[in-house]
C-alpha cells in the first residue's frame, strides 16, 4: 500500500514537472526515445521524421521492438530505469502498465490540448486507454475483424456471392459446401493459436453469445466454443488453425486453400498482391439472425512513460501523430479511432465495412491482469479444440482462473 | 563389393539425415507460390535469388559481426579459464575431483531462458548492461565453460603426468611445464573444443535477446527471430536468412571436419 | 614472500588456483543466479517488483500454487517423456551410426563428419526448418510418408495434441545425434583391437562381442554421454520456442518452457522460479542416484 502511495506521489511529481515544462535549457537539444512495433517503413518511422522537420530542436530516436516482446521489454526497462519516453502498448495491456504507475496520466495535458478532443473518439478505442478518470495513452488507430470470402469459390460451389453468411448456422453450412478435401481446400481459415491473437479471435464469439472475458461459462458461451469445435472436428478448417497466426491463416486463403477467412484490414495490401481471385469482406456472422454483432478491437496506443524526462515534448509528438488520423487508413491501414473525414479511402467498400464493424468493436478487458485472463481463455479454446476437455469443462476452468485472478 | 554396398547405405543414411538442410536451401530459392505447392516441388521451378536483398534488408552484416565478436570473446575467455582447470582435473583422480566435476556440471541444470532473469537483474545493478555485448559474453561463458572443461579434460587426461614430472626434474617450474609441455601436446584438442564452443555461442539467442537492447549491437539469431513473429509467413525470407547464416559455419566446418573429428578422437587413439 | 611464490609455482597452489579461478567464475555467473532463483521462489514477486529488493517472504505458498495448477502434472509427464525418449533415441541411433561408420569403407570418416552439420546449426534455425518440414497441409514430410504409402491423409505434426510432443522429440533427436555419435566414436576407438581379436578367437559372435566386449568397455563413455545428453535436453528451450511453443493445449509443453512462460508471458516470476527450482532438485536427485548406482556396481 505504501509502495502504491509512493508511486502515485512520483506520478504527481512527473505530471507537475510536465506541466511546468521543468528544467529545460532553452537552446538545449532534446532527444525523445520511442519504441514501436512498426517496421522501418511504417507509421512511427516516417512520421517521426516529419515531426523532426517541424521541430528542429527535437530528435526522435525510434526503435523497433517485436510485438510479442514489447511488454517484456518495457517491464525489464522499468527495472533498469532505461525506459523510452514514448512506447506502443497493445490495447488490453494499458491497465497492466497503468496500474503499476509506469505510465503518465495524459488527462491534464489533454484538457489543455487544442489538438486532441476526446469527445470525438469512438467508445471502444477510448475505453482502452481510460483507467478510472486517468487517460494512459492515445489510440494510434484501430483494426477489427471481419469475414473475407472468395466470391469465385462461392460461385463455383453454387452459392450466391452477394449473400455471405450472416449467422453462425449459415457460416457452418457455407463452409461445409465450400470445403473440398480432394483439392486441399478448407471452408474457413481463422486462428486459434495459443497467444494473444487466439484470444483476439475468440472473444468476439463469446461476446456475440452474450458473455465476456469475465462471464465465460453460460450455456451460450459454451455453444460458441462448441461451434469452433465443430469447424475443426469436421475439418471445415485446418487442424493447424491451432498453431497458425492470423497472418499465416490468411496466407492459406490468399493461396486459394481456404474459401473464407476471418481477419482484419491489415491483410488488404498483401491480399491485393497475392490473391488472384475476387475477394470480398462481410461482417462477422452473428449467433442467430438479428442477434448482436460484436467485433474485436485491435491495434494499440501510444503512451508516455512516467519516467520520461521530456513529457511536454513527448505529448507534442502524440498530438502530431493524432493529427494524422485522417490519413492513417490510406497510409498505414489503420482504421481511424475518431470521427474524421477520410478523403478517397483505399478499397472504399472494404473500408466502409471495417469502419462499420469498428462501431461494435469491444476492447479486450481492460484489466490489470489481462495476461492471466488471456491465457486462461487461450487454454480453454485449445483444450476444447483438441478435446482434452469438453467445451463446458474448458470454459468452467477458465472462469475459475479468471475469478481467482481478478479477485486476488 | 561389400565395401561399395556399405558406402551406398552410408550415403543414403547421410542423405536422409541432411535432408532438412537440403530443404532449407531449396526453400530459400523458391517463389512463394512454389513454397506452398502441394505436392511439394523437390527442385525450385523458378529460382528466386533473394540473398542480396535479405542480407541488406535485415542488416545481416551488422548482426553477423556482432555474433562473431560475441562468439570470439566467449571462446577466448573459455579457453583461458578452462584449460588450466581441465588439466588439473585430468591430472588427479580423487574424491575432490569428482566433487568439483559434479559441481561444474550442476551449474548447467537450468537453461539460459531461466538463468536470464537473475543475471539480468545482477548485471543491471553492476552496470554491465551499458556494455551489453560484454554482458552476453560473460553470461554465455558460464554456459559453455563446463562443457569445455569436461571435453578438454577428456583429451588432456591422455597426456601422462610423467611427462610433466620429467620436465620438472629437468628444472622447469610447474608453470613452465604447463606452458611448454602440456599446452603444445594438447593443442589439437583445445583447438577443436574451442571451435565447438565458438559455434555454440554463435547460435546463442536468449541472452542476446534479453540483454542487448540496441539494434546495432544485436546478433544474427535475434535477427532470425524477427521471422518467427506473428505477422510473418515469409518462409522464403526465413529460409534465405537461415541459409546465409549457417552456410559460412557449414563451410568452415566441412573444411575443418577431418581435423575436428581427429582432434576429438586423437587422444583416445594414442 | 618468495617462498610463497615458489610454492605457487611448484606446489599444489598452482593447481588449486587454476581450478579455483574457473570455479569462482562459475560460482558468480551460474551458481549465484541459481541461488537467486531459489530465493525468488519463496517471495511474492512478479516482473514489475523485480527491481525492488524488499519483497515479502511467502514460504512455500508459491510452490503450492504452481504445483496445484492443472497443467503441472501434464508438464511433468511431458518433460519425463521428452527427456527419456530424446536421450535414449539419441544414444541408440548415435551408437548404431558410430558403429556403422567405424567399418572400413571409402569415405566413411568424411560421411561421419558430415553428420556434425546438425550439431553446428543453431537450435532456433533447426526449429524453424522442422516447423516447415512438418507443416500439416503442405509439409514435405507428410508428402514423403504419403507417397511411400506409410500414412493415409495428413498427420498434423504440430497441431495434433497426440503427436506434437513427438515432433519435438524428433527434432531434438536430430540435433543430438551428431554429438552422441561423435563421442561414442571416440569411445569405440579407445577399445584396443586385440580385445576383439581375442573374443573372436574364443568363438564369440558379433552380437556377443557387442554385448560382452563393446558395451562393458564403453561404460565410462556411455555414462558421460548420457549425463551430457540429459543436460542438453533439459536445456532445450530455443527448439521448443521455434517449433511448437509447448502447444497445442500444452500437449508439448516441457518444464523449461513452462517456467519461461510463467515468468515472461504472465509475469509470474515467482511461479517460474518454482518450476526452475523443482528442475534443479530433480536433476540433483537423478545425479545422486546415478553416482550411487555406479558405486554399488564397483563394490559388487
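For clarity, chains are labelled A, B and C in written order, and residue numbers in each chain start from 1.
To be clear about the criterion, a residue touches a chain if its C-beta (ideal position, glycine included) is under 8 Å from a C-beta of that chain, and two chains touch if they have at least 3 such contacts.
These figures come from a predicted structure and were not determined experimentally.
Colleague: Which word fits the touch map of the chains here: line, ring, star, complete or other?
Modeller: Graph shape, chains as nodes and touching pairs as edges: complete.
Colleague: Looking only at C-beta pairs that count as contacts, which pair of chains has more of them, A-B or A-C?
Modeller: Of A-B and A-C, more C-beta pairs in contact link A-C.
Colleague: Report the chain whose mean Cα position is at the greatest distance from that of chain B.
Modeller: A
Colleague: From the C-alpha centre of chain B to that of chain C, how far is it in Å?
Modeller: Going by mean C-alpha positions, chain B sits 16 Å from chain C.
Colleague: Centroid from C-alpha atoms only, then distance chain A to chain C, rounded to Å. What do you get?
Modeller: Chain centres of chain A and chain C, defined by C-alpha means, are spaced 39 Å apart.
Colleague: Could you list which residues of chain B touch at least two other chains?
Modeller: 36, 38, 121, 225
Colleague: Indicate the residues of chain C shared as contacts by at least two other chains.
Modeller: 50-51, 137-138
Colleague: Could you say which residues in chain A touch two or more other chains, in rising order?
Modeller: 76, 79-80, 184, 195, 252, 257
Colleague: Would you pull the chain A residues touching chain C in the complex into a rising list?
Modeller: 3, 72, 75-76, 78-80, 100, 102, 184, 193-195, 238-243, 252, 257, 371-372, 375, 379, 382-383, 385-386, 388, 397
Colleague: Under the stated contact criterion, what part of chain C meets chain A in this complex?
Modeller: Residues 47-48, 50-52, 70-71, 135-138, 156, 158-161, 244-251, 264-267.
Colleague: Of all residues in chain A, which touch chain B in the complex?
Modeller: 63-64, 66-69, 73, 76-77, 79-80, 82, 184, 195, 197, 245-248, 251-252, 255, 257, 266, 274
Colleague: With touch defined as at the start, can you tell me which chain B residues reach chain A in the complex?
Modeller: 32-33, 36, 38, 120-121, 124, 129, 209-210, 213, 215, 225-226, 229-233
Colleague: Tell me, which parts of chain B touch chain C in their complex?
Modeller: 3-4, 6-7, 9-11, 13-14, 17-18, 20-21, 23-24, 27, 36-40, 81-82, 84-85, 87-89, 91-92, 100, 102-115, 117-119, 121-122, 138-139, 141-143, 145-147, 149-150, 154, 168, 173-175, 178, 196, 199, 202-203, 205-206, 221, 224-225, 227-228, 235, 238-239, 242, 245-246, 249-250, 253-254, 257-258, 260-261, 264-265, 267-269
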